[in-house]
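So, here come the structures, one by one.
Next come two complexes built around subunit A: one with subunit B, the other with subunit C.
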Partner chain A sequence: MRFASPTWLWAARDMLRHPSEAILTALALISVIVVAAVPMLLSHGLSNTAQRLLDSGPSLVVRKLAAGHWLPMPVEDGVKAAESVTGVLSAVPRIWGVVGGPESVTTVMGVSESDVQTLKRFSDLTKSPARGEAFIGPGVLSASSNGDKVEELLLLNGQKELSVKVGKIFSGKNSMVVHDIILLHESDARKLLGLEKGFSSDLAIHVFHEQEADAIIPDLLDAFPWPVAITTKQDTLKIYTASGDRRAGLIYLALIPSLLGLALIVTAGYRGTRSRFYEAGLLKSLGWTSQDIVGFFMCKAALIAFPSVSLGITLAYALVYWPAVSWPAYLFFGWQNNPPGLYLNSSGSFGILIQVSAGILVPYLAANLWPAIKNATADPHVLLQAEGKM
Partner chain B sequence: MLFREKKWSAKAVLLQKMQQHSFCTSQPCDRFDLSRKIILSLFGITLLCLTLVLLDVHLRTPGNHEEQIIQAINLSNLSIVPSGRPLRHPEGVIPSVNLKFSPSLGSIMINAEYLLLNPPQYSKSYSIP
Partner chain C sequence: MERVQCVNVSLIISLSGHAEKSIIHRVKAEFNAGQMSLITGVTGAGKSTLLHILAGIIRPTEGEVIVDDQKVSRWMAYHRDRWRKKVGIIFQQPHLLNDLTVFENVCLPLIPQKMPMQTIRKKAFHALDCLGLSHMVGERVTALSGGERQQISIARAIVSGPELILADEPTAHQDMENVTRLMDVFEHHKRKNTVVIVASHDPRIVESRRFNACFNIENGTLEKVQ
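On to the complex of A and B.
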């Protein structure tokens, strides 16, 4: 069975004549693709995933405000005020705060029995955290902790000190949501955060139509008898969604060295093909047509470029979308140790990979095509005579 | 004319020889066997990589019950940024307090996360002063 045309075989054999050159070109192409694709994929995956996850959260968060500091939200009055606004489905008091954990700052949330009823539906939680017990995210205790983490005692520093026993550690697969979160019994959380009964940290508000969340903000501000600050889901999403100049800045930071690398590769490709004029003249005088010569050089370029681009995009894809990938948290999000493993949503990333591949392939193939055409269309006599002159 | 015919016949002989070498009996020195194997390997690598990426993009399903956890405990942010930072708790940023850490510098801390994540628009938090 004939599987490849002689031109491809000839090109592969020619590649074997200079293996180090082919390998170096391939490595350079792979590096350029990885450097260019990773920031784009990371940014895209992050905004996609944040959009998907935060869609399940509350539409608005209302906090009671004083001059320069926060005040606890009176639950009964707050819920009544919020639910009096048309379009509000529910207002849920939240008890949460930032406290000093065993190894770093952590977020503490007080959960009631009703929250746990919801949690039970999908996880192996069978009970809510009892008094003195904590359900912790996988990042609260680092891997260097000795022994079994469950049953370990945690000392938390909030308004007061509190020592709790670890009752459960959430799966690492939920890192993006609960990595450094500690769920406590409601009364423990109140004690730790200094919240009196009947008060909450803020109110999480769900609205009937997500699109009208912004529109009901003036009504909400009027409904509360105290000054409040309202944060919308869109505000939070803006942190993760990439639409601004800052994300573009990061991408350009990566693109500058990769563009320089691409320029070097293109120049090397051009010069490499152009310098084969003597050989082209020889082949032409042996009976090769111009089409054969152009095909030969392009086959050689394709044999290097296509596998390199495929390897490059696979590597970039794996670097970003491999389950529990943690290097972005180290590099970009300020985690010093025990960063969360990211499980990013990859839908729509193939388009980005195609764009990056085209951006690298087209200049490289063009840089090989142009000198190949010049070699192929020249007179063989001129090409043979020009050795040392071109 | 004669020269052109000679060129064509020479090319035909050359291609015929190459085709013979490509799938029948190649001499050890011409390396056509090795070339054929290399073409096959490169083609295989390209196909395998593209297939893997395409399959993963289309077959990967979001799971891990993250949405349900968010729904259950009414979380309004993700654990991507460490606790205690304004980017982690934008709802905890007080609108009237400027986070600028030096009057001569901008309000953006020099940190890589600010390059990837947009900082919250503090001024857009709605409040009664």
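On to the complex of A and C.
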């Protein structure tokens, strides 16, 4: 059946006979799709984002422990111990810590020229910060206070107080890795965090086979001459996803009203089509076949359903993934200052949108098809004599 | 289509309990192409029911409607749908869709006929023009009088160029000028080899002497009178 065939045009004309009914049905379908698709997309996006964040990090992180707290890691001995374990590809000392920032506590990281190559994977960094200079992520300063007009000097409070000049603000296009972080010259970071030369905050360990990371933990524990705590990617992933899952579970409750909404739409669709038995009888008397009548009602249902579903899934997608939309990161990661959007996995998201569309379309079309068949196959005489004449 | 025959056509309906009522009783008649036939009879005699049986809207309980040697009344629903495509029926009540315009109501039989919208438009205008209704094209049918509504339903019946026209009291609420025009339209279709059957007890039609055959129906029994 061609789109511009008279049946399609007639179906479009028929929608205009009852415009409020068509508009309400379309709005209800859009709402139900948005309510159903957003939690599913969010859950998928969160897990994908957490995975992406972790993939960009090391396989294992080793920290030196004392009784109940962590201690600076001696770099030379630490690297030597780590690299003595079979399967370890490299051990990189990292200088970072949490300090008092301009608005709240902030993560600072000491960067040397050798770190620039690594950070280039996540940002448009071209050189390391100079002494007294800071490169900051877009989430460090809130848009309200400083988004447009950046304060030139940042006052940071760690072991010591340090005033640095803002040399660069990473744009929102950069990775989440640099979203709410302050990059400092290595010596400034040491000063701020109280780390002597030859010591680091921890060791980032990359292993030859990612799957073997868990297996070499006992060897690593033995290799270090002091107590260490080792964190794996999976541990970190659990921390990320645990809070996300709790909130996603609450959002899944939204599926209950969407199912109720769908039930109402299906009932209304069934009754709406069924109530037109008189018209079906008249059309049959005028030479329409049962097939023509079913086709007409299905064209009408499709004209309402397909644009509504398309609009609904587009809206749901935009609500979760649109670059300017950052509420999921705010809600799930707690990034209050210019939070970034979630990472998109197009194939996974597409699958979810197809599932939701099918889950809404199939019952809606079936709810219209069944009464259309009942009307179309009944005797026209019976239909014409039935109540509800025009 | 050469001829439409009724062979012992009966319609018996069930009433409450086990009672039954015969509406049409063993009707035998033959309606030929290129002829105009009139069925007269008092109200409730069974004229409309007989037309509905001929149109394939009601299935007879006994007997056959035979068209060119095919028993159309025994056809399955799918085939009876096809049969109705060849029929243009004018109901006693106009049965128009009130929220559509005159033009849209007339277009209704053509919509599923897989023809371009331009052709549909042309045919609908032509049908309205034949009955002198061109000026009403865009009007809503709710704004029309009973006679005008009936004229629209006549235009709707002839728009698809049917092989069988069944008209049930087509001249109700019509003035003499419109009756003459309507009879001219039927004559025109008769000349195109259409079977035209008119059920009416309007004396203006009965006395018009334009019919090739006249039948009288009384208590469901049809009798040829001319």
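The criterion applied here is as follows: the second predicted complex is superposed on the first by the 327 of 390 C-alpha atoms of A that agree within 3 Å, B and C clash if a C-alpha of one lies under 4 Å from a C-alpha of the other, contacts with A are read in each partner's own complex, and residues count from 1 in each chain.
Just so it is clear, a residue touches a chain if its C-beta (ideal position, glycine included) is under 8 Å from a C-beta of that chain, and two chains touch if they have at least 3 such contacts.
Values in this document were obtained by computation on a predicted structure and should not be read as measured data.
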item	value
Touching partner for A:Thr377 - first (subunit B), second (subunit C), both, neither	second
Partner chain in contact with A:Leu65 - subunit B first, subunit C second, else both or neither	first
Subunit B versus subunit C as contact partner of A:Thr236, first or second or both or neither	first
Touching partner for A:Ser290 - first (subunit B), second (subunit C), both, neither	second
First (subunit B), second (subunit C), both or neither touched by A:Pro6	both
Superposition-derived comparison: subunit B or subunit C, residues of subunit A touched	B
Contacts of A:Glu279 with subunit B and subunit C, given as first, second, both or neither	second
Partner chain(s) touched by A:Ser104 [first = subunit B, second = subunit C, both, neither]	first
First (subunit B), second (subunit C), both or neither touched by A:Ser200	neither
Common ground on subunit A, meaning residues reached by subunit C in one complex and by subunit B in the other	4, 6, 9-10, 13, 285-289, 292
Contacting residues of subunit B [partner subunit A, same complex]	6-12, 14-15, 18-19, 21-23, 30-32, 34-36, 38-40, 42, 45-46, 49-50, 52-54, 56-57, 60, 62-85, 87-92, 94-97, 111-121, 124-129
In the complex with subunit C, residue positions of subunit A that touch it	4-7, 9-10, 13, 17, 279, 282-292, 295-296, 377, 379-381, 384, 390
List of subunit C residues in touch with subunit A within their complex	52, 55, 57-59, 77-78, 81-82, 84-87, 89, 91, 95-100, 104, 108-117, 120, 156, 160
Subunit A to subunit B touching residues, read off their complex	1-4, 6, 8-10, 12-13, 15-16, 39, 42-43, 46, 49-50, 52-58, 61, 63, 65, 67-70, 92, 94, 98, 104-107, 109, 111, 115-116, 118-119, 121-123, 137, 139, 171, 173-181, 183, 202, 204, 217, 221, 227-231, 233, 235-236, 238-244, 246-247, 249-250, 253, 285-289, 292, 303, 306-307, 310-311, 313-314, 317, 321, 328-329, 331-335, 340, 342-343, 345-347, 349-350, 353
